[in-house]
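Shared between the two complexes below is chain A, which has chain B as its partner in the first and chain C in the second.
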Partner chain A sequence: MTKTTSRIIKVDALSRVEGEGALDLHIRDGKIKDLKFRIFEPPRFFEALLRGRDFSEAPDITSRICGICPIAYLLGSSQAMEDALGVSVTGPLRDLRRLIYCGEWVESHVLHAAMLHAPDFLELDDALQIAKANPELVKKALKLKKLGNEILEVVGGRAVHPVNLKVGGFYKVPTKARVRSLIEPLKWAIDASRDLALAFGGFEFPDYEYDYTCVSMRHPDEYAIQDGRIISNRGLDIGVSEFPDHFVEEHVAHSNALHGKTKTGEAYLVGPLARYNNNFDQLSKLAKATAKDAGLGKICINPFQSIIVRMVETLYAFEESLRIALAYEEPDASCVQVTPRAGTGHGCTEAPRGICYHRYSLDKNGLITKATIMPPTAQNQKQIEIDLHGVVERYMDLADEKLKWRCEQTIRNYDPCISCATHFLKLNVTRD
Partner chain B sequence: MRGDDGVGAAVAAQLRADNIEAFDFDGDGAELMEMWAHQGQVILIDAAVSGAPLGTVHRFDANSDVLPRNFFRHSSHQFGVAEAVEMARVLDRLPRNLIIYAIEGHNFNLGAPLSKDVELAVLDTVDRIKADIAP
Partner chain C sequence: MAHKKPKLAVWKFSSCDGCQLSLLGCEDELLDVAEQVEFAYFLEATRAKVSGPYDISLVEGSITTAEEEERIHQVRKQSKVLITIGACATAGGIQALKNFADVDEFISAVYAHPEYIKTLSKSTAIADHVPVDLELRGCPINKVQLLEVLGATLVGRKPNVPNHSQCMECKMSGQVCVMVAKGQACLGPVTQAGCGTICPTFDRGCYGCFGPKELSNTSALAARLGELGLDSKQRSDLFRTFNAAAEPFAKESVKHD
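Moving on to the complex of A and B:
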């Protein structure tokens, strides 16, 4: 009689991610019997509570979905409303939107890369241990993050949950002097973010690659952040309003967050890696050179190297911020006037974790009759489980504690925001 | 304010009314290190949830005590008070004298007023701070 060997590995509360989730892994005779990335944070029903509210309330209500990426919600919902109401925000107001979005990328990317993800590569438990081992790196990261906060304060009124954005633009535009005060710190930040990218490029990366279906936005003239068409490396090229024709959500029993997939049932990847792979040609000369010097090619399919990509995008965001700050002149009006009418509108932006899609229907008085939001972490869930399968198969021989660590690291490649997706990690591994 | 989460601002307002310098801060905890840079004595007041009775006033000497991280609940992607203090300690950025008052709250509903026991704790905390800074 053959003896079966069983391993059960459980991560009951994943750390260094936003929200509450778990991983259950059951291995029998050296093969994965079951693997579930569970999201158990309770749903918050934002889409339901938006019904009956005025169109103008959607940005501030949806921004409360996430304390890390409120701009993605403020701008995604604003653009959807502007689409429904037949207006567009262009010129210097669009530049201000790009500037504040760059601030959000910086805040989110620097904190995740330097404080939450880097400890995985150094076999340290948290950012405090990195601060003990390399205080200068942490001081630099904190200063970069602070500058991201400052951009949000200058344009959005405050660093956490900005209050100055609205459908049509802003309540008040920042003064030229205030925007120009960012210029000298931004020059320092470009060099400092290159230093961090090169430092992270020296990490040892686990041996895992995947041929991802990369889905991102693409803009004809710039590395897409706040608008553009939706494209993939498989030939997709659609307008934002066509998103529901190509992507769907499904409910799976083990997760309170819906799983995104293509209409043909396939997983896909959104976020920094997808953007980098689809839009590398549109990065700045310095961002491309930094990527190369940090060990990246034009295409990156090792998800663990996303930590480098985040710092390349951070450098680019600082360059963009500097460009906008240097050219800034106070606009004559702080917003485009909007008039309520019946209609349906779509909005999509590149949140730090990937595309965030919004659709709203309005009645003739501008009241919301239907709301649909697809945050990036929900879209990535299926791909996270595929990566976990691949990584567990590759590193099956690791002892349970090491395997558990590698699984958590795999999930943190995505900087998942479970709070947005519902809403991380308990790892439960069973080995028979 | 979210109910009892406004206790820090309430204490600060009372201190200002008594001509004592006090600031409200509702941003990223990582920036606390910048706020208290070059300061000799700093007193920080925040709401806490530790399971203690409503209105309990906890007092920590951050220069000698390690703050319990479960008192000051915060997002993993934003620094809370405990993370900011411990990071500042590692980076040698603590003020010479840092006292933390953590006041136990229960009701954190948006727009709710302070609980009665927390209102009383505000007065108690103000008196204790005055004693802390008395020459």
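Moving on to the complex of A and C:
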């Protein structure tokens, strides 16, 4: 008779992520018996509480879905409303929106790469421990993150839940002097973010690759951030309003977040890796060179290397910010005028973690009758479970504590924003 | 002998993470703060978990589930000083909009399988469940106020956190009144100061994210908002956002339902 060996590994409250999630892993005789990535972040019912509210309130209300990526909500909902109301925001106001979104990419990417993800590669608990060994690296990262927040403050009034964005544009455009004050720090930041990308490129990366279905936005003229079409590396190319025809949400028992999948039931990937793989050709010369020097090809399918991609995107966001700041002239009007009417509108932007889709229906007075929001982490959830399966199978021989850490690191590859997804993680591993 | 650092814990309940992020947003001060306190439990920032009791607990988020209702008592028991941070923890947050609605209908509006979802019918402030030593307002909190409260608590003095109105704050900073000069709807007269006068400097009326100040005359303001042309629904909605369940705002919003 063969002896049955059982291992149970549990992570009850995942750390260094935004929000509350857990992982249950049950291994029997060297095979995965059960693996569940659970989101137990309590539901807050945004889509229900928006009903009956004025269209103009959606940006401020939905921004409270997430304190790390409020622009994805402020802007995604604004653009959906503009779509419903038949206006578009172009020219210098669109440039200002791109500038503040660059600020959010920087603040979120640097926080995650340097403070939440990097400790995994160094087998340290947190960035404060990195600071003991390499204070200059951590100080540099903090300074970069601070500059991201400054961009948010200059354009939006404050770093968390900015107040200056609205349907149609802004309440007040920033002065030329305020925007120009960013120029010198931005020049420094481009070099400093390259340093960090190269430092992270020197990490040892776990051996795991996956042939992802990468879904991202694509814009004809620039690396997509705030608008464009939705594309994939499998040939998908659709307008934002067609999103619901191609992607669906599934409600599973072990998660308070709805799982996103393609209409044919497949998992897909959104976020930095998907953007990089789909839109590498549109990165700047320096961003491409930095990716190469940090060890990346034109395609990256090792999710652990997303830490490098985040710094490449950070560098690009600083270059874009500099370009916009140098060209900035105060526009005559701070917003486009909008008039309420009945209709349905769609909006989609590239949140730091991936595409974030909004759809709203309005009655003739501009009151919201229906709201649907698909945040990036909900879309990635199914793919995270697939990666976890692959990583556990590859690293089955690791001792429980090391395997548990490797699983946590696998989840952190996604920079999961659990607060967003709920409408997310604890790790529990069981080995029989 | 080395001085033992006080233990700081950061706890999350129902929230967007924005207030605890404000601590990580203290980029210039974070390493100095870490010199003064031990991050004993701070899931968003570290894997390390040091057991209690904790000298200072920062609590973010509101109570919306039975599990949270239970957990906040455990947090209180392990904490010498418990400080609530942000509108969710101090007033129930934006998710308290469900307090004014039928929660079962809310669940079926968002989820295909309502039976998988466990939630309380109301989102409530931390102080509704356990004694709170200090409340820090805001949606989100102001990081300058957070550093002031942490610093004061560490040395054992009263923190300098003003409780006058935003309206007063505008007058003191010389900000032109957006309600008087431009006829914009503004909650400044009834809202506690602390954000740093952000909205009016961006040509926008205060939307009350720091919640009601003590003894706020909401009915006088509502009357004036009516004169400025806001209908009853607009007045109700203005009071009913991130601090919807804070008593003075809740009462005023219900009057205009």
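Everything below uses one rule, namely that the second predicted complex is superposed on the first by the 429 of 432 C-alpha atoms of A that agree within 3 Å, B and C clash if a C-alpha of one lies under 4 Å from a C-alpha of the other, contacts with A are read in each partner's own complex, and residues count from 1 in each chain.
The definition used in the following text is that contacts are C-beta pairs under 8 Å (C-beta built on N, C-alpha and C of every residue); 3 or more make two chains touch, one makes a residue touch a chain.
This one's a predicted model, so the numbers in the text were calculated from it and none came from an experiment.
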| item | value |
| --- | --- |
| Fit-or-clash call for chain B and chain C when the two complexes are aligned on chain A | clash |
| Partner chain(s) touched by A:172 [first = chain B, second = chain C, both, neither] | second |
| Partner chain in contact with A:112 - chain B first, chain C second, else both or neither | first |
| Partner contacting more residues of chain A (chain B vs chain C) | C |
| Partner chain(s) touched by A:98 [first = chain B, second = chain C, both, neither] | neither |
| First, second, both or neither for A:127, with chain B first and chain C second | both |
| Touched partner set for A:70, first chain B, second chain C, both or neither | second |
| Part of chain C, among the options 1-9, 181-189 or 199-207, whose backbone runs into chain B after overlay | 1-9 |
| Contact residues common to both interfaces of chain A (with chain B and with chain C) | 15-18, 67-68, 111, 116, 127-128, 131, 135, 138-139, 142, 145-146, 149, 158-160, 419 |
| Chain B partner contacts - residues on chain A that touch it in the complex | 15-18, 67-68, 107-108, 111-112, 116, 127-128, 131-132, 135, 138-139, 142, 145-146, 149, 153, 158-160, 417, 419 |
| Chain A-touching residues of chain B, taken from the complex the two chains share | 26-28, 30-31, 33-34, 75-78, 83, 86-87, 90-91 |
| Interface residues, chain A side, partner chain C - complex | 13-20, 41-49, 51, 53-54, 57, 60-61, 64-68, 70, 111, 115-116, 119, 125-128, 131, 135, 138-139, 142-143, 145-146, 149, 157-161, 163-164, 170-172, 250-253, 256, 258, 334, 408, 419, 423 |
| Chain A-facing residues of chain C, complex | 12-19, 21-22, 24-25, 27-28, 30-31, 34, 39, 43-49, 64-65, 68, 93-95, 97-98, 101, 105-107, 109-113, 116-117, 119, 123, 139-140, 195-196, 198-199, 201-204, 207, 209, 234, 237, 241-242 |
